[in-house]
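Each of the two complexes below includes chain A, the first together with chain B, the second together with chain C.
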Partner chain A sequence: MIAELGHFALVLALALALAQAVLPLAGAARDNQAWMAVAAPASQGQLLFIAIAFFALMQAYVSSDFSVAVVADNSNSAMPLIYKAAATWGNHEGSLLLWVLILAVFGAAVGTFGNNLPPKLKARVLAVQGLIAVGFLAFMLLTSNPFARLDPPPADGADLNPLLQDPGLAFHPPMLYFGYVGFSMAFSFAVAALIEGRVDAAWARWVRPWTLAAWIALTAGIAGGSWWSYYELGWGGWWAWDPVENASFMPWLLGTALLHSAIVVEKRDALKSWTMLLAILTFAMSLVGTFLVRSGVLTSVHAFASDPRRGVFILFLLVIAVGGSLTLFAIRAPSLRDGGLFQPISREGSLILNNLLLAVGGVIVFLGTFMPLFADVLHAGAISVGAPYYFLIFNPFAALLIVVMAVGPLLPWKRADLAGALQRLTAASAATVVAAGLVWWLKTGGPLFGVLGVALGVWLLMGTLVEYGERIGILRAPGDAWRRARQLPRAAYGMTLAHAGLAVAILGMTGSAAWKQEQVLMMRPGDTVSLAGYDYRFDGVADVAGPNYTATRGTFTVTKDGTPVTILHPEKRKYPVQGVPTTEAAIHTNGLADLYAVIDSPDDAGAVSVHLYHQPLVPWIWAGAVLMALGGLVSLSDRRLRVGAPSRRTAVAMARA
Partner chain B sequence: MTTAPDRPAGTRPRHLLYLLPVVLFVVVAVYFLVALYSSRDPQEVPSALVGKPAPGFTLAPLLPDLPGVARADLGGSVVLVNFFASWCVPCRAEHPYLGRIAKDGGLPIFGIVYKDKPDAARAYLAELGNPYARIGMDDSGRTGIDFGITGVPETFVLAPDGRICYRQWGPVTDDDTEQALLAKIKECRR
Partner chain C sequence: MRPKRRRLVFVVAGMALLGAAAALVLYAMNDSLVFFYSPTDLATKQIPAGRMLRVGGLVEVGSVVHDGDGATVHFRVTDMKTAVPVVYKGILPDLFREGQGVVAQGTLGADKTFVAAEVLAKHDEKYMPKEVVDALKKSGRWQEGTTQ
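Up next is the complex of A and B:
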């Protein structure tokens, strides 16, 4: 009964979405206030009905109602409650429902809190959001109904993929989707502005908080996914350039570019058409990611469904949304006039370079991801693109971006003195050279990119700190620095935190890629092996039983020069329902490095295949990502974004002042 | 996008530039559509190089008493080129099969140590034995990229004319795969 209620709520949501898409758009074109006023309540109603559908599905999972097909396929009565709830989005249908739920949350947020938006802009933004919702709700109802029943229902469910039975599943997909779907706001604002034919500083100010919120969530989602693959897949790595990882990374690259170009629109009334294009493409990449995961054109561990009918439907949505908006762009963008003039060497210039490099990075990842598919279609034979491609092609551009990133914030708007800015970075350069020299000396014979990576990380970190120090005048007037620091806008702190966070993450990535050490061997109880100065004594294995799995748990006593460091308990779990084993890595971190142990099931003689890793600096990757997300949050709390622009004219005047 | 402050607005070429994104998108969408109906299993990763001459390379020897490997050493007879590394667990599992394949197939195996420390690779061979007739070191992984490998181990059957005749993707760790590889070696002789 509850499942049918959910199904019915979805149909109602679709009807409301249709109304939200059509009426306000027509109303805005004909100056009909009443039609435009439909948008806000429709967006709220849509949220209500989709939430009803979502919780109806969750209820079916939590109560193990195996007469609902997706529950029977993806759940089991023996699963812990948290995974039953999280399994709601651990499959194709349920994750789509989460997708539209988040879309509805964003739409209702604009409908409810967007009172300072000009009525026409608000109506059009909500209409575009409504259109996206129509597409995805129709997709669900026509091809992927989450409430389909089974008759007769099975006695028990087929279980959730054991790899997904992890606390990470509860947080990773919602975060990621919040990011993907959040970029739909920038998209809707861009399409609305293109319909209106007007983009100004006020527009940029309205778009930025939404973009920033999506960016924060996507940053956290990507970092969370990489953390999950690090500890759950037991391969000792944290990023594999897997197509689905790339699908999240491409919108992140473009979204990051969008965040920066929107600043130029807001403060300098320039780069408008480029910003429109980025807003469209960022969301397009989110949709491409959806297409990639759900159509089976490229496989991956994440692939939910390989049904060509679904693939065609998503492609159709993609063509309508992206093709339509890009056509609108081709018609309207040429008439957008940029106001602010500037020299190539200026803050604007550096942000353009930032955008260019991020966009090139996005193109490289896109080509790397889809080249196998393109080559196959062209009958050029099947090819595969792996980590070496990204290492050789992507990393140099990323490195250039980092080099510029330390300089850009030091340049003033309009016209800048590059030599002067570089001079102010003398301390940062000195620190970079010292750090690189130190690494060279400490790790002689190690890979060269290790030295370069550390140099880049230190350069960016120091450059960011120098910029902050100059802002608060720590050297010029130290007595006044505290007062200045307090008065600095939160957006400035956000930038400092986010840039520093990236620097920290780069140091972490470099450390793990350049100096990871590992040992693979068979061990018997009592054996000791040493790795990177730590002695690992294998104390044997024990069988343990979990709620819905059995596991072999190994015990390693780790000592350094005789003093105990930690005890590691890696596990090999077996989930009987699906018969799939999973690896639970045991990780001990000391902040500077991770000690990482993985075991396999013991053989008849009691020996166990052991894989040990010493991962220098790896925790810094996630520490850096947390800093970046935190920087975004601090920036989001800036008064300027919270209050919003009171009206178009004053906002423009303020931006020009 | 342009930084020129005084660009003339609304001229023809600029209009065409604004059309570029949608044109590119249409091209990509057509690719997607064709790919949806393609029957290829995306999991399978055959090499684009099969049937083509092996790429050029010269690799320094790993062991003092065994020569390195270069492109010039290929050709004349059927040869197996095996990429391996001491850090690679499947290579360890594959190792015992290599010696048998060399014997049963009656052909030399050239080893290429992929992105490994020479000491570690020597210790690996000292522990497990050496089935290779020549061993070259590919420290940088360049030769691996040129061969288009996606991981280690990977094994290539080189025909007498120096062409890549077959590519074994992934390790040979069971008798069926071993027999299949031996059959391919036989085919490549012809």
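Up next is the complex of A and C:
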């Protein structure tokens, strides 16, 4: 009964989405206030019905109603409650429902809190959101109904894939979706502005918080996914350039570019058409990601079981959304006039370079992701594109981007003195050279990219700190620095935190890629092996029982020069329902490095295969990502964004001032 | 600087960056692409030793042997027509088992043994890597619906 209610709520949501898509658009074109006024309540109603559907499905999972097909396929009565709830989005149908739920949340947020938007812009934005919702609700109802029943229902469910029964996996997909779907706001605002034919500073000020919120969620989601793959898959790595990872990375790259170019639109009334294009392409990449995960066109570890019919449908949506908006862009973009003039060497210029580099990075990842598909279509053989491709091609551009990143914030708007800016970075340059030299000396014979990576990380970190130090005048007038620091807008703190976070993350990535040490061997109880200065004594294995699995748990006593450091308990778990084993890595971190141990099932004599890793600096990757997301949050809390842009006229006047 | 001239500067800069990316892609393509071979391809085609490549098929039933050191594993990957011996040092993925689909990445040794640097078994046991399906189809041993 509840499942049918959910299904019915979805159909009602589709009907409301249709109304929300058509009426306000027509109303805005014909100056009909009543039709335009439909948009906001429709968006709220749509949220209500989709939320009903979502919680109906979650209720089916939590109460283990195995007459619902997706529950029978992806849940089991023995699962802990939290995974029963999280299983709601651990499959194609449920995750799609989460997707539209988040879409509806964003739409309703604009409908409810967007009272300071000009009525026409608001109506059009909500109409475009409604169009997207129509596409995805139709997709769900026609090809992937989450409420389909089974008759007769099975006695128990087939269990959730054990790899997904993990807190990391329970919570990173919602973050990722929040990011993907959040970029739909930038898209809707761009399309609405193109229909209106007007883009100004006020527009950028309305778009930025939404884009920023999506960016924060996507950053957190990507980092969470990478953390999950690091500790749950037991392979000792944290990023595999897998198509699905790339699917989240491409919108991140373009979204980052969009965040920066929107600043130029807001402050300088320039780069309008480029920003429109970025807003469209960022959301297009989110759709491409959805297509990649669900169509099964590319072999990937995370792909949901493939169904060509679904792939075709999403491809169709993609073509309409991207094709339609790009056509609109081609018609309207030439009429967008940029206001602010500037020299190539200026803050604007450096932000354009940032955008170009991020866009080229996006193209490289796109090519790498789709190359196997192109090769297959062209009968050029089955190929795969892995880490070496990205290492050789993506990294040089990323490195260039980092170099520019330290300089850009020091340049003033309009025109700048590059030599002067570089001079202010003397201390940063010196620190970089010292750090690189130190690494060269300490890690003689290590890979060259280790030296370069550390140099880049230190350069960016120091450059960011120099910029912050200059802003608060820590050297010029130290007595006044505290007052200045408190008066600095939060957006400035956001930038400092996010840029410093990236620097920290780069140091982490470099450390783990350049100096990871590992050892694979067979160990018997009592055996000791040493790795990177630590001695690992294997004390044997014991069987332990979990709620819905049994595990073999190994015990390692780790010592350094005789002093105990930690005890590691890696596990090999078996989930009887699916008969699938999973690996639980044991990780001990001291902030500078991770000690990481994985075991295989023991043989008859009690000996096990052991894989030990020593991972220098790896925790910094996630510490850096947390800093970046935090920077985004701080920037989002800036008063200027919250109450900003009360009216178009004042905002434009402020931008001109 | 006039807007037109300024735009030109940025278009040229963008083109230069894209050009550099394209040049890098072409330059690195040969070394960084990994081609996929079926076991039959490996046995019949000329393949330069030391080139990174992938082989995929089913793990031959009864072929998995662990060495005395416990860390080295030998097994054969088959497309039901030809089988190639594979040697791998490390812990096999959780879903690796006899009779299941597998993809190994590594190099072909002089004695035609495939030295795997990486063994990939898919995370979903119902799911067969597309390359493996194609390899089995090519050898005529793929039966829709039953092998899966």
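To be clear about the criterion, the second predicted complex is superposed on the first by the 657 of 657 C-alpha atoms of A that agree within 3 Å, B and C clash if a C-alpha of one lies under 4 Å from a C-alpha of the other, contacts with A are read in each partner's own complex, and residues count from 1 in each chain.
In this section, contacts are C-beta pairs under 8 Å (C-beta built on N, C-alpha and C of every residue); 3 or more make two chains touch, one makes a residue touch a chain.
Since the model is a prediction, treat every value here as computed from it, not as a measurement.
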Original post:
When the two structures are overlaid on chain A, which partner does A:Val377 contact: first (chain B), second (chain C), both, or neither?
Top reply: first
Original post:
Should A:Pro344 be classified as contacting the first partner (chain B), the second (chain C), both, or neither?
Top reply: both
Original post:
Touching A:Thr327, do we find chain B (first), chain C (second), both, or neither?
Top reply: first
**OP:** May I ask you to decide whether A:Val580 touches chain B, chain C, both, or neither, giving the answer as first, second, both or neither?
**Re:** second
Subject >> First (chain B), second (chain C), both or neither touched by A:Asn161 >> reply: second
Original post:
Now for A:Pro119: first (chain B), second (chain C), both, or neither, which partner does it touch?
Top reply: neither
**OP:** Considering only the touch criterion stated at the top, classify A:Pro153 as touching first (chain B), second (chain C), both, or neither.
**Re:** neither
**OP:** Considering only the touch criterion stated at the top, classify A:Leu318 as touching first (chain B), second (chain C), both, or neither.
**Re:** first
Subject >> Residues of chain A contacting chain B in one complex and chain C in the other >> reply: 296, 299, 341-342, 344, 352, 356, 381-384, 386, 388-389, 392, 520, 609, 611
Original post:
Contact residues on chain B for chain A in the complex?
Top reply: 1, 3, 5, 9-10, 14-15, 18-19, 21-22, 25-26, 28-29, 31-38, 40, 42-48, 50, 87, 89, 92, 141, 144-145, 148, 150-151
Original post:
What does chain A use to touch chain C in their complex?
Top reply: 161, 163, 234, 296, 299, 301-303, 305, 338, 341-344, 352-353, 356-357, 359-360, 363-364, 367, 371, 381-386, 388-389, 391-393, 396-397, 520-523, 578, 580-583, 598-600, 603, 607-609, 611
Original post:
What part of chain C is in contact with chain A in the complex they form?
Top reply: 1, 3, 6, 9-10, 13-14, 17-18, 21, 24-25, 27-29, 31-36, 52, 54, 66, 69-71, 89-92, 94-95, 105, 122-127, 129-131, 134
Subject >> Footprint of chain B on chain A - complex, ascending >> reply: 271, 273-274, 277, 280-281, 284, 291, 295-299, 308, 311-312, 315, 318-319, 322-323, 326-327, 329-330, 333-335, 337, 341-342, 344, 348-349, 352, 355-356, 370, 372-377, 380-384, 386, 388-389, 392, 518, 520, 609, 611
